[in-house]
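Down below are the structures I want you to see.
Here come two complexes built around subunit A, the first alongside subunit B, the second alongside subunit C.
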Partner chain A sequence: MRSNRTAWGLLAPTLLVLGFAGLLPFFYVVYVGFFDWNVFSKTGDLVWAGANNYRRLVFDTEFLAALKRGIVFTLWTVTLEMVLGMALAQLLMREFKGKSFFRAVHALPLTVAPIAVGATWRLMTIPGLGPLPYYLRRIGIDYNIGRYAGQAFATTVLMDVWHWTPFVTLTLLAGLTALPREPFEQAMVDGANRWQILRHLTLPMLRPVILTALFLRIMDALRIVDEVWMLTGGGPGTATRYVGIHVWRVVFPKTDYGYGSAMSVLLLYFTIVLCWLLLTAITQARRETD
Partner chain B sequence: MTRTQKPPRRGFLPMETNLFDRIFIGVVLFVAIHLLWMRFVEQYIPLTVATILSVVLMYVIAKWG
Partner chain C sequence: MKPNLRKSLSQAINYIVWTLLTLITLFPIYWMFLVSARTRVELFDKPKLYQTSFYAENFIRPLFRDVYGRYLLNSFIISTGNMLLVVVLAILATYALSRYRIPGDQNIFFWTITNRMAPPAAFMLPLFLLYSRVLRIGDWRLFDTHIGLILAYCVFNLPFAIWLLKGIVDGIPIELDDAAMVDGASVMQVIWRIIVPLAAPGIAITALLSWIFAWNEFLFAATLTSVRARTITTGLSEFVTVVGTNWGEMAAMAIVCLAPAILFLALVQQYIVVGLTFGAVRE
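Coming up: the complex of A and B.
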């Protein structure tokens, strides 16, 4: 009984912080999602709207397009980051000259705030000023993210990959370092090649770490705002208007907090469902191969 | 005093689940049914029907899923 009380006492600060900083805002957003709330209205009060915000949402083609765009962006960035991160983590497991320097430099983008990353990439891509349009023009490419939607989308993907691949690399590197050496030595003695070792030993043993990195990146990529906001502002047109930016554009200039909350809740719902489906698929596939 | 968690079991769902998993699946389906209903069916049948169906489905999944 006494140890139970001690345990709850030790957990209390964490539970309090989680409750006030995590659960309370979450339930408040869910609550506001059922109201019409415009601070510039006559009373400025919350007016009960029932499911109207969600009803409006399922017919909102702009929101649905932003959601689709966000999912495509997430698929591109997370796939590239996982593949590159794995390759770099494998590289950093080997000994080579300048390894420590490379590891430190490679991790530098992680230390930069997203808003600064967006601003830096903006400077690099301004036509007539940035180095990217300058060098690309020299090889015959007219690069202008303010004009071409495809280029703007690709640049936001590149920027996210540049910013977050080191996170995946370091996470996977930590996992690789913690793996036992014996199975790998045994596999080499048995004549397994590098691909077989990766496919049958490294990836299965690293699965929990890979899943952690994957889910963190999916959640982060789906709700991206600041970097893209600084780089393209969601444009040209709506080419890079991902859900986070769409929510921002609806909530702040129009002060439509109820509808904005409904959009945020729906984005959270899609994120959770996507991660859960992925986890279930991976777990099932793993069971079938075992 | 330690309460033991019920072990995962296999019902009609194509995977082993514990009670939390089944409630989670129920809530996910509850929301999905309501959203799809509002988009495609509500002009013919009111949303209350979706709520009743979803609650029944949640119970069935939690009990036998």
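Coming up: the complex of A and C.
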């Protein structure tokens, strides 16, 4: 009755679609990565290039700088989001009037399209129009993200924190609500203070959930494009040109498809390795806590 | 300190924190509403924190005299098409993964999620090349078509839907399908008559979140379309040009873009964690 043929039949449409939209591009980009392909060259043909694109990539200081910038951005945003999210989740563990209202408002940024997030922040920070430069000037701060690299970087971090802290809060809150109560009651009876409970009970028991939130945030922060593209366009100079934006800016205007493909392959490779490392850590943690 | 005083003090701090957070969260969106209601002259005046008049032209011109009405329709067609495709395929695939032991099913399950994790920046070039240059039948290409984006969005939405639904279908007792099959029901009948009704709330959440993810997407839409299938998110980025930006209209279109998601928030809020973590963390 339960034949494998039926199972494959049910899976076939999904495998077909994912094969087309996921696997085919993957193999194709690996293939093109071994060629020189520039639309503006004389013939516009693919010319075999062997490992040349990759050799070039390893010494491409702009690409490496963008990668590093993306990693620094990820470290800042994810750290801030995890700390803030944990604090807010703790606050939401209490009962108080209006809690569900505050929680809903807190979740609001999660549903907003990243490109619209970029647009709103641009509207707030544009000199001569936005409230931020105007009111900061009144207290003597010259705020202009079109001019100062540090401020542009900090603003992209703040925007990401605004957008994604709720995700960490809600995830950790879900984890916290699922924890058994007895160990906490026991610890209270034993006279442990809040900090000790957090350090020795909450954090260890919550580890799989914390790691899951961390994993998803790291993956998302590393591949950020839309919001930052809309807010700063990667500037001023290259201050906020994170790796996704770099690929976007290099590949399309220059139509250097072979080189762009090599770049995409390397990006995918980094992602797969990172994904694997983090997933292993999560499974490990789940096994230990169960 | 007396315990009572201490308690009301901590209550007060709690409310101060949440009020501040609410203000910080809402301010950028509130500011966008203000900008969308202002004329060009008002905009470059001192940035006031309130608004008494409403300049509807910011909404009317782009939507009815410019292309943004069509962008909006495109977004709607593509999100809805993608949602329908994803939900149907995911129900079939999830049923197979949940009820059958086939060699390699665990690997298939994990492989689907790697598609979701891949950076879109790495996928946009091969998809662009395939759509615009390689896959063509005569003059017809996938580039700049609705179906092209509907298929491309499956890369991230289909794995998400499968991961979310798997937990739900696993929770439906297998005895129910066995009983139906003994009565002579086919697999399709079992899925349609038993699995779909029982998993309906989960399916609804999956559909809603898939729709929002497709609606919000930008990178694929920007690289895989040019005129006919442009979406509203791509349209938003087009406001930023070298000759200057029409801020009022941009704000108005940004509001149009985020309106459906905000309307859904009330419905989705409770499930958003399950959705965004692919069900890895249950609320």
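For this structure, a couple of remarks:
We take it that the second predicted complex is superposed on the first by the 236 of 290 C-alpha atoms of A that agree within 3 Å, B and C clash if a C-alpha of one lies under 4 Å from a C-alpha of the other, contacts with A are read in each partner's own complex, and residues count from 1 in each chain.
In the analysis below, a contact is a pair of C-beta atoms (placed from the backbone, for glycine too) under 8 Å apart; a residue touches a chain by one contact, two chains touch by 3 or more.
Since the structure is predicted, the reported quantities are computational estimates derived from the model, not experimental observations.
Of the two partner chains placed by superposition, A:G140 touches none, neither subunit B nor subunit C. After overlaying the two complexes on the shared chain, residue contacts for A:Y54 are found with subunit B alone; subunit C is out of touch. In the overlay built on the shared chain, the residue A:A213 is in contact with subunit C alone; subunit B does not reach it.
Shared-chain residue A:P180: touches no atom of subunit B or subunit C. Contacts of A:Q284 after superposition: subunit B is touched, whereas subunit C is not reached.
Within the superposed three-chain model, A:N4 lies in touch with subunit B and with subunit C [touch as defined at top].
In the superposition on chain A, A:S264 contacts subunit C only, with no contact to subunit B. Touching more residues of subunit A than its counterpart among subunit B and subunit C is C. In the superposition on chain A, the residues of subunit A contacting both subunit B and subunit C are 1, 4, 272.
Every residue of subunit C that touches subunit A in the complex is listed here, in rising order: 11, 14-15, 17-18, 21-22, 24-29, 31-32, 35, 43-44, 46-47, 49, 85, 89-90, 92-93, 95-97, 99-100, 102, 105, 108, 112, 114-115, 117-127, 129-130, 134, 151-152, 154-155, 158-159, 162, 181, 187, 212, 215-216, 218-219, 223, 233, 236-237, 239-240, 247, 250-251, 254, 257-258, 261-262, 264-266, 268-269, 272-274, 276-277, 280-283. Put simply, subunit A touches subunit B in their complex at residues 1, 4, 51, 54-55, 58-59, 266, 269, 272-273, 276, 280, 283-284. Across the complex, subunit C is touched by residues 1-2, 4, 6-8, 10-11, 13-15, 17-18, 20-22, 24-26, 28-29, 32, 88, 91, 94, 96, 98, 102-116, 119-124, 126, 128-131, 134-135, 162, 167, 170-171, 173-175, 177-178, 209, 212-213, 216, 219, 222-223, 225-226, 229-230, 233, 243-244, 247-248, 251-252, 257, 260-261, 264-265, 267-268, 271-272, 275 of subunit A. By the touch rule above, subunit B contacts subunit A in their complex via residues 1, 15, 24, 28, 31-32, 34-35, 38-39, 42, 47.
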